[in-house]
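Below, chain A partners chain B and then partners chain C, in two separate complexes.
Let's turn to the complex of A and B:
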């Protein structure tokens, strides 16, 4: 076969052609993070930002930049990257392009854990609530995985059904607690809508290692996830250990979502929207899907966080509300396209 | 031919049930190396289950499947994936996956954690696409392909696995006549030119008789009878297995027996 030689060079070239995409995304992320540092209730020039980051002089500029803007300029992209990668894996796991970590009930479970921690166990510190959110997401994934796997085989449909059911249950618990605890309503509502404002930088350093572990696990699963995009019989006949891969994917998803929720609360729909953009840019191989989703997710939440400062200026909107509006719009477009 | 030496696969007294329903009942079947074996039989006779059990997608209650005299239950998933390829009945993948992305999936059993993708993988993918005639549509999304093109893309995926044994479960379902022939000619070429052992499930008895070296009638979870198409295509046997009275004539072009069904008996 003479055309084989000609055919061999092409996939390699296709790999190379993605580097401009990654370079553009990396550049976009830098711009978004700079925007997050400079734009807001007060505008600062880049020179001022640079000076303030290293000044530590207690001036107002240094306090705002290093104390308020820097944490959110770091937390927003980290949470976005985590949710983007988690979204890719959830959509592959459920073979459903409109699924997201919300579909598995992870955000709802985290919210429930936060509410219960505050009301039942009297946890008040941001660090404590952050930990509660992470534990909530992890426990939820264990419950959803366990129930779905226990009910005779772990089919994509079962994962979604159990996840959505559990999410409904968790939301109900949150509603009950909210209506009966007016005193803490304001604080809880703020957490429950998801936000990057007023987060101490320590949350970033707590979340970073968890995100890195989750991402590392995700990248070891890429070729199995590629094969899992096909039906179960095909994946199994290729030699994919279905249950093990699904279990490990659940672990990666809950680490990433748990870390994101612990830093920012439930930022809705990021995991739904971002994978679509990532696939459009780099195709369906998970090595690329995950890498692109991390970058796109980081840019998306960072820009949403900047936008949140201006939509009802001078008051800050919760960033979760903005991503929810964008996500709902995207969902409608996706559904219409599917019907067309 | 020495029967024992020449069998790539040996199914031995395989029994398999879904709950109370017995699907395979102590079924035994030798699958000769380098030949095309076609499984035929009425709906629900267990032929698809047998094919899947050969690839260990179902765990049998008893009996074993030997691959080159080795019990397949002792092989790990990837090792088996390098030796037996299976194209499932009506396989599915995302509509926006490209042909090349689909074919690359076939390399999964050859990839290890430490050396993920190499020149050998590229060569296998390219050869599989060229061999099935889908190389020029490698960047197209599978949702945009016609039924015949899509089936060739899936066969390319299985070819990229580079297995000696290829199992295809009703590969010509939903294809028109021209594409049915295309598909089976392609399978025959893989067999004749590359010496691969092929196991097919086919519904159309005349296609089965035309392409089979060994034709196997499965009924009630057992092999009812097996042999060359010439010995198998008898009206009494077809009546017994399929409950159809039929006349057998010889296809003047291919010199193979074909059956003309009259009515349900």
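Let's turn to the complex of A and C:
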């Protein structure tokens, strides 16, 4: 709470001093994406990468760079940016710094929706599955916040317990569906592994508009979200229509989480870690929190994706396992600080 | 304060006994059904006959070699996890505590996956006796609960802190489990993935024997130690002032609960939510008496897992859906209902 007050009282002129931060983040993102293109099982020089991107000659280098490395160098930052922004909004809505699309079960809900859409309703198109993921995330957020509110307030314990429980339920349903549909197992595991490897580039172009819509919606809500950070009464006295803002924020969170899950599967704990880094860099104004979270999230997942290629070299680890280790460790540290 | 409990017990001794007997009868029936029903349908009378030493050869083979081990394993594992859940809920004084929520189940699972990854050869055979598997599970479980306890620090008596750190430790353990499954051989990872979800269908007699050898002594010790559990209606400070629920005692009980969980998880896998809902249902049925609560929790835990396993064989056959998924599908909504029913964040 004290840190929030400090952040709010930061002088307005600090706005201008944030530009170096954004410049550094943008530069970092470029470096991370270049690393994603050049580093891996095989190392390529920048000149070769540049040539291969425009070669289309079917050579091995062109196939690896344009066919394998480029999609993940684009999908990883997009998914990371989406999850980072979703994390900021979820933490503000629940006034809970350990909330995230993971601890609230949104990732699991989106995954379950994708699996059910595929198996039960026979949805095969990428667009249909993205829609299913977004709807799954939206329904989950309504259920989780509803149950937690019904359980006597949105205390951090309540909301996280409800989210974790719902995630357990969703995982069990996915497991049952997977066991009873061996034929679709391979295709489904593709979604569920939480990785950027072997993703077709069409997934990126499919997810991009959804993320853009979600981000645009998020940025229209920034001043209302700023007011929501205090408490409901203060926000209402500032003329914020609470119900509408909450509802629209849910929609934005669901679009962003759904898009990320439909591109990369449930990449764990990105939405938990990134908002903390973003707040540390640019303070509590949502305009800046969201922008910084998008950049930090993009860098984080891109670098994690590069790291995934080397952790158990020569085999590739799913990036979700790496972000899960980092995120779970962060959760422990956050808890120790909050509860100390 | 123990008079309060004693009085409550004295006012309705009959109802507790009746409830226990009724639930025991349900357990016996379900157990026989679990042995009898499946791809081959065997009548309950035949099952009883075989168990008493009769029956023809086919029936004996199916009942004794195929069905009995898995049903026994389900009953033992369910009972042990429910027992652990009961102890944890009583020590933390919070009905949301359970081996799963406190990270013990995932810790034990991590121990087993590490064990499989380290002690397997190229042909996926274990290089050490399988009897060591519970030890690996126990080490993982005790490390998890130990970390949760340490991280919670001096205020380890606060249930909220314990549960939040439990969730965090469970997340760490899950992430590490995924990585070690990737490092291990692929076939083994597939095996481990199914086992992690909680499956009793592949358990054989020798594993049942190991489970019993581990769990019976631990269960008896825990039962003796449980006599010193503080009465449920006494707060922490008062308990300590009369010498109950001291830090050392709490640590011992946490470790015993971890061992019970590990013994079950070692072979039955991560069976979710049994340790959470069985003790709660037991409290509804027999109130707060300690021994009745323990016996009832064990019976209910066994019923839940045997029932889940039976449901799988009847409803999903011939697919072997992991039993843990069914308990999660039943247990998660029950838990959400518990959360909504009243504010139980006393901690």
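Assume the second predicted complex is superposed on the first by the 262 of 340 C-alpha atoms of A that agree within 3 Å, B and C clash if a C-alpha of one lies under 4 Å from a C-alpha of the other, contacts with A are read in each partner's own complex, and residues count from 1 in each chain.
The rule is short, and it goes like this: contacts are C-beta pairs under 8 Å (C-beta built on N, C-alpha and C of every residue); 3 or more make two chains touch, one makes a residue touch a chain.
Note that this is a predicted model, so its numbers are computed, not measured.
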item	value
Touched partner set for A:180, first chain B, second chain C, both or neither	second
Chain B versus chain C as contact partner of A:43, first or second or both or neither	neither
Chain A residues touched by each partner, larger count belonging to chain B or chain C	C
Partner chain(s) touched by A:335 [first = chain B, second = chain C, both, neither]	second
Which superposed partner A:327 touches (first chain B, second chain C, both, neither)	second
Which superposed partner A:279 touches (first chain B, second chain C, both, neither)	first
Partner chain(s) touched by A:168 [first = chain B, second = chain C, both, neither]	second
Touching both chain B and chain C, residues of chain A	none
List of chain B residues in touch with chain A within their complex	52, 55, 57, 76-82, 84-88, 91-94, 96-98, 100-102, 104-106, 108-109, 111, 113, 116, 119, 122-123, 125-127, 129-131, 135, 138, 157, 161
Contact set on chain C toward chain A in their complex	96, 101, 151, 153, 155, 160-161, 163-165, 167-169, 171-172, 174-176, 178-179, 182-183, 197, 272-273, 316, 319-322, 324-326, 328-329, 332-333, 335-336, 339-340, 342-343, 345
Chain A residues within the chain B interface of the complex	1, 3-4, 7-8, 10-12, 14, 95, 97, 220, 223-224, 226-227, 229-231, 233-234, 236-241, 279, 283-285
Parts of chain A lying in touch with chain C, wherever the complex brings them together	98, 103, 147-148, 150-153, 155-158, 160-162, 164-166, 168-169, 171-173, 175-176, 179-180, 268-269, 311-312, 315, 317-318, 320-321, 324-325, 327-329, 331-332, 335-336, 339-340
